[in-house]
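Look at the two complexes coming up: chain A is in both, with chain B in one and chain C in the other.
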Partner chain A sequence: MRIRTVALLLTLFGILVVFNFVHAQNAPEASEKGKEVYENSCAHCHGTEGRGDGSAAENLLPKPRDFTRGLYKIRSTGTGELPTDQDLFDIITEGMPGSSMPGWETALSANDRWEVVAYIKTFYDGFKEAEAPPKQINLSGKVPYSEQSVETGKALYTELGCVECHGNIGRGDGTSAPDLTDEWGFQSWPANLTQGWNFRGGSDTEAIFKRFIGGLAGSAMPAFEGDTFPGFGLTAEESNRMLELDNKDEMTAAEEEESGQLYEKYDAAVDIALNLAEGTELSAEEKQIYDDAMKVVYEKSWHLANYVKSLMPEKRPEPAIGNNVLRSQYLQGALPAIDDAAWETFEARYFPLVGQVVIEPRQFNPTLDGVHVKSFYNDTEVAFLFIWDDRTHTTDETDEETGKTVEDALAVQFPVKIPQGPTAPKPYFLGGGRLPVYLWHWKASAPDQVTELTAKGINNAEVQEAQGELQAQGTYTNGQYKLWVKRALKTDDKKDLQLEPGVFVPIAFSAWDGANGDVDTKRVMTSWYTFVLEPVPSSKRFIYPPLIALLSVGFLFGLRAFVLRKNSEEA
Partner chain B sequence: MKKLSLFTICLIILVGSWVFLRFVVGGIISVPIPGSVIAMYMGLIIIAILVHISVEDSLFREFRRPILETLVEDKRRPHRRVLVVLIPLLLLGYTYSIIAQRANPPGSPRDAHPSPPLELTYKNEVIGTMQDVVNPFRHYEKDDPEAFKAHVENGRRVYHQNCFYCHGDDLDGQGHFAPYLQPLPANFQDPGIIPNFQESFFFWRIAKGGPGLPAAGTPWDSAMPIWEDTLTKDEIWDVILFLSDYTGYQFRTFGEAH
Partner chain C sequence: MKSYLLASLAVLLACCFVGTAFAADSGSAETEMLVFPEAYKAMKVSNGGTISGVVKFEGDVPEKKALEITKDEKVCGADEKFDESLVVGEGNALKNTIVYLIDISAGKDFDKKAKPEIDQKGCKFTPHVQIVPVGARLTMLNSDKIMHNVHIFGNNPVNKPQPKTRRKMPLKAVKEAEGPVEVKCDIHGWMSAWIAYVPHPYFAVTNEKGEFTLEDVPAGEYKLGYWHEACGTNSKAPAAVTVEAGGTVTQDFTLKLK
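Then we have the complex of A and B:
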């Protein structure tokens, strides 16, 4: 009886495993059901014909995928290959972080998602015509994460030219960043590699590796192969040597010959890769050369993936609410300048930015992710350090579409009067005018100046007549702005915010990325947060606790003496 | 095995109850109990223990016996030494943690269902009283299903050109801007939202947005736009049709009101 039960359970388990395995590999035949789900949940962005031209597409960037060309960014398959059904299913399930594609795990059943996969494939005939299943990228040679691998990857980052788009240290601020477009001619910003949470296909090392080998089809990101891979066909030593010789001012005859040979080897391997891409059958010898070349590419890609992984925090920082609220630290004496090491002693608080979609003109496609803030204060002044990533340094340019002058900027917003108590209304800043706000407005064109404004609504700001003693300094390096602002805690101006330790003050931000067309109300912003000048902890904390401890010792001894006396009396 | 003393049993009951409330109910079953409620329960348990030990003299004597022994008897000297260090240390740590506690930001209570004005307006034009206005296209649902479908489709377009950034592709309030807004955008898949309101209420909230909230609707930080600046009257009514059509929930109608 028991054996039979076990056998039955095992069989059921086996069926489940097989079922899942089969299911995980291939979508069902396209059906009416898939069409129905697609039209209800997907068509508004991707269009009823799958051309990525749904009614929402107009306002979106990155644009919704056009399914009719069979070009998919996020694949587990090699360059030029179609995605597997599982790839499509995973994207639908998990969504594309950093874009407007949400994950559908809760909204659609797994069955419905598989039906949609099947239906999406009908938009491109290549899926039907494919004779063999797409070739998947081999992950078996994974190089484990280590300091050394990261170092190797760092050198490759420069050697392979990643810098040109992704910038010196990966903030997506390379020189060609603003000019990149995708297959459809739309603007395509290179990823900020320090913000893994915005990676479309996830940011684990395997995912990054797959993007290298398979490329991001349709985007400016090339797959690592053939002519897009410097030193293709050479071993690591050979490509290093080639680079070394290239950098020499003068070469001896022997060196010139050596360099020539290396270039020949490189060209031959590239030719083989190009032939292969065109579908030419390779000879055994050619195939060997190609396989050897790819082995080097794979190894280098793992190092590079480890390097990219080293650039980002584990996950997106938590917004500055609850336990993460911004607390200005008390200092005795002078407050630190913009590049003082004192700023490195504690972690910044994070204020994520979203598009301003309330007042026209609106910003639906933000390019700025968030503002990181640190602060110190002393008995008379407060200093803030605002840090935010921006791929481009725009100071005074004319926007092609609107003809308006655009530039990068940041505004910090406080109430003029701090709301008393939690139910007191905060000043409303978008379109309303109930209570005024006090603004610091900084522009990239005048980096060492902050203007004080009073505003009653987003379109109703006035520069204050009395500009206080506000000191500011702004820098832009490697795709990152730093703005340092210092002000007295108390001012004589009634339109200014007056600061006091221990009081929670509402704070909000607006930011403009000139290169993204941000100007006036077209901007990114945060909702209200709070910050506090963290009061110096009361010195009572060094008096009362020891006092209470001493008292308790006294009490214990007293109790013992009392009991002893009572016992002796009784005896 | 040695029989446990009454004092030990009471101590076990006390500590056990606290661990149960704080970690088993609060952690494993994950129904976190507020600290004040735990304190209340613990108070009750202490009273119960005190009542129990003071019922009879003999019980009380048995209860205090281990305490007295620890205080005076020679064989308990090691215990005594540990306790005379441990008790003051615990008190020291506890008072320090209370005094050095950091202040936390004030919470913001929210009036989730602000009361609407008596009259429904679009820009400055009066449409009617809040209670009587009905969606002018709602009747097509019965009269002309084709026309109704066209209006729903138009609502779908309007929704996905304007609303889904915050309210989400699935109308669940989880659009890609949503996680970083406070308060969170409304979730239309919540069964407590659409069925509780008339269509005129939705028209009001859409047309006037966060800035149009009444004075009692604190705390004013809704990012909901004033849509009457951007959308036509018909577009707002269409998007309302789409909300109920997509989610399958029916708006409350006058007459059903309780």
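Then we have the complex of A and C:
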């Protein structure tokens, strides 16, 4: 037992040693090897000269990074600083979620990745000319996650203007969101802070903190450096007082003076911060003022990072397969309306969306992440609640590029005939000639209406002549759509899907984000999933089992009587 | 593991569907920049000359383009705003043209008292074109009491939020001549202005009447250049001017859309 413990400790120690060795490594000198690996694996998107103009770049958004400018989004360093070698290595290793940049951990050896780091650095002279290593963001004052910290962070979220782009509750739906561009003039959507799994540089609290302090160079996300905080150089109480005085319509002479003094202190601290940034040596006293000011700023920033962390689930939801299959819950009586609390009693199922890249026009750069679905049914009807995040509410706009009218929309598709057995073929894509699909199509411009269609292929959908009595209601709030649909389980229309408890029914989704130019086949979609009206354990269970038990007991008694009689007869 | 494979596959797929190369037009950008002397020495200038003139626009004056105000309408939409990339006044006078000496190597020092500022008022940058000496701090003012975001492009990028309480925000001094570079506000996408970080003080920006003046120019022969956002530059064929001690030389320009 003891030997095992020692062995375990030794192994742990070994891992730590190796980890330390690997950690914060520097890249080797640029070599032919790095060039070779780069040209084989990276140049398709980033271009042979590192300008981000490889042959694949045209269709990608976010665009592949242009390495010649030295602007890197994901850094452990402050604003205006270059990334560390380790930063570059980590991005190559892990990739950038939510973009086209894959992780290369399995495709390239660690050695090759280091060679690539060294080679990428040759595209920008600043790396060679740098006199000192880039200044890293100090993570030492981390404030642990707590409800109180989250509350403080929430107030800062509004005060610092995060809502302008990231929206009231972080879904990336701020009023400035549609207009953001990156340094190269390409559309740049603000992060949906409730979807941490799409954060380019990871979503742990430290990563959030670093993005906030250092900014995302080349994007619209600014750096919240020390002196951008209102009241930099003041204590928390002083800065609160400064803001309080600012908000007064009229100040007394004493208040004027007080405000003036606070501003003087504020300006002086800003001056020191600028001197430092410009490379001026600070006196001991100035250094103290600066350090104290930064302590306040860093603490606030940790609160903000904790708040952002609180907006997202711990990890990406599991897709609706296996144990997570969508099960419609049986209810006796009327089905709940769109805003009924009954919908909150259980977890939604998650259907991740991907860009449609098979048929022209394609969508390589989806902006919609997934659809969350809940469902109830009763003896005659079924109701669904579809929920998905969309940063913009687009109802009827003309796409600048294509001239087509675009709008947000959702389509839910089922096969017309339910395939029998797990190996039976499902309709391909949006239905094929032989296996048509039955569709519900909803558009943001008519939020309380769902149209029934029959489709025999992605470009071959027809509105059904007989529109069944589908009820629908759609809402858009804080960057999220909710669509409620109710239909009878059985209909008279042969082109409709007929529903029965206990039968697994294929289901798939397509969605359109008008602001992202989605129209027709340019859309996001899911593959086939299944849902089932969860069968209610039959009420006959109260009749048959007791009956059988009763009969068995009766039989046993009869047998006993028979045996007894037989025995007595023999005797 | 699986996700990496999938991601790689996605990239490969993306590569397959690409037909044309993504063409970056980097060649023409250089001619749109100002030209700076290799070195400049500040000295006392006595009995210098003056270069002045008027810049006019030639061609059909496009209709003024009203800016679409999409948010914070109370503050931003109080008065109608127009695109300022081409402001043509009475008699075709062209505002916001930088006129400067291309090849001066010694002359007067900067006016140290002048503090370059750009105000953000009514969700518009004023002035639209600002000259900032190398080594001087540009101060961004926020007269709006709403949040702005100072986003300066170029080799010395700045992307700093200016919250509503921040009335004055000095920016780190830039150490190398550059420009003009654009300033934008990401929050109010229509806001745009230009900054030139310059190594010597012989730069002027034309006013509403298209007028400019360069004073205290040491006597000599110079190349006189201009830059305009919509009309481009004359860097390839600058005007030649001869300045006499204490004299005034006039040089007018007529610009067309580039």
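As a working rule, the second predicted complex is superposed on the first by the 445 of 571 C-alpha atoms of A that agree within 3 Å, B and C clash if a C-alpha of one lies under 4 Å from a C-alpha of the other, contacts with A are read in each partner's own complex, and residues count from 1 in each chain.
Note that contacts are C-beta pairs under 8 Å (C-beta built on N, C-alpha and C of every residue); 3 or more make two chains touch, one makes a residue touch a chain.
Note that the structure is a prediction, hence the values are computed from the model and not measured.
Enquirer: Considering only the touch criterion stated at the top, classify A:217 as touching first (chain B), second (chain C), both, or neither.
Expert: second
Enquirer: For A:532, is the partner it touches chain B (first), chain C (second), both, or none of the two (neither)?
Expert: first
Enquirer: For A:58, select first, second, both or neither according to whether it touches chain B, chain C, the two together, or no partner.
Expert: Both chain B and chain C are touched by A:58.
Enquirer: Figure out whether A:568 sits in contact with chain B (first) or chain C (second), or with both, or with neither.
Expert: A:568: touches no partner chain.
Enquirer: Quick check on the superposed pair: does A:559 touch chain B, chain C, both, or neither? Answer first, second, both or neither.
Expert: In the superposition, A:559 touches chain B alone.
Enquirer: Please work out whether A:44 is in contact with chain B alone, chain C alone, both, or neither, and reply first, second, both or neither.
Expert: So A:44 meets both chain B and chain C here.
Enquirer: Looking at A:319, would you say it contacts chain B, chain C, both, or neither? Reply first, second, both or neither.
Expert: Touch status of A:319: first partner only.
Enquirer: Taking the superposition on A as described, I'd like to know which of chain B and chain C A:550 touches: first, second, both or neither.
Expert: A:550 contacts chain B only, not chain C.
Enquirer: Taking the superposition as given, does A:107 touch the first partner, chain B, the second, chain C, both, or neither?
Expert: Both chain B and chain C are touched by A:107.
Enquirer: Would you tell me the residues on chain A in contact with chain B in one complex that are also in contact with chain C in the other?
Expert: Touching chain B in the first complex and chain C in the second, residues 44-45, 54-56, 58-59, 100, 102, 104, 106-107, 357, 364 of chain A appear in both lists.
Enquirer: For a test of understanding, state which residues of chain A touch chain C in their complex under the given definition.
Expert: Touch list, chain A to chain C: 44-45, 51, 53-60, 71, 79-80, 95, 100, 102-107, 159-161, 164-165, 175-176, 179-181, 183, 215, 217-218, 220-225, 227-228, 230-231, 242-243, 246, 267, 270-271, 274, 277-278, 357, 362, 364.
Enquirer: Along chain B, where are the residues that touch chain A in the complex?
Expert: 68, 71-72, 80, 83-84, 87-89, 91-93, 95-96, 99-100, 102-109, 156-157, 159-162, 164-166, 168-170, 172, 174-177, 179-182, 209-211, 215, 218-221, 223-226, 229-230, 246
Enquirer: Give the list of chain C residues in touch with chain A in this complex.
Expert: Going by the criterion above, the answer is residues 1, 3-5, 7-8, 10-11, 13-15, 17-18, 20-24, 26, 70-71, 137, 147, 149, 151, 153, 157, 159-166, 168-173, 186-189.
Enquirer: Please output the residues of chain A touching chain B within their complex, sorted ascending.
Expert: It comes out as residues 40-41, 44-45, 54-56, 58-59, 99-100, 102, 104, 106-107, 319, 321-322, 325, 327, 352-355, 357-360, 364, 421-428, 430-432, 434, 502, 504, 526-528, 530, 532, 534-535, 537-538, 540-541, 544-546, 548-550, 552-553, 556-557, 559-560, 563-564, 567.
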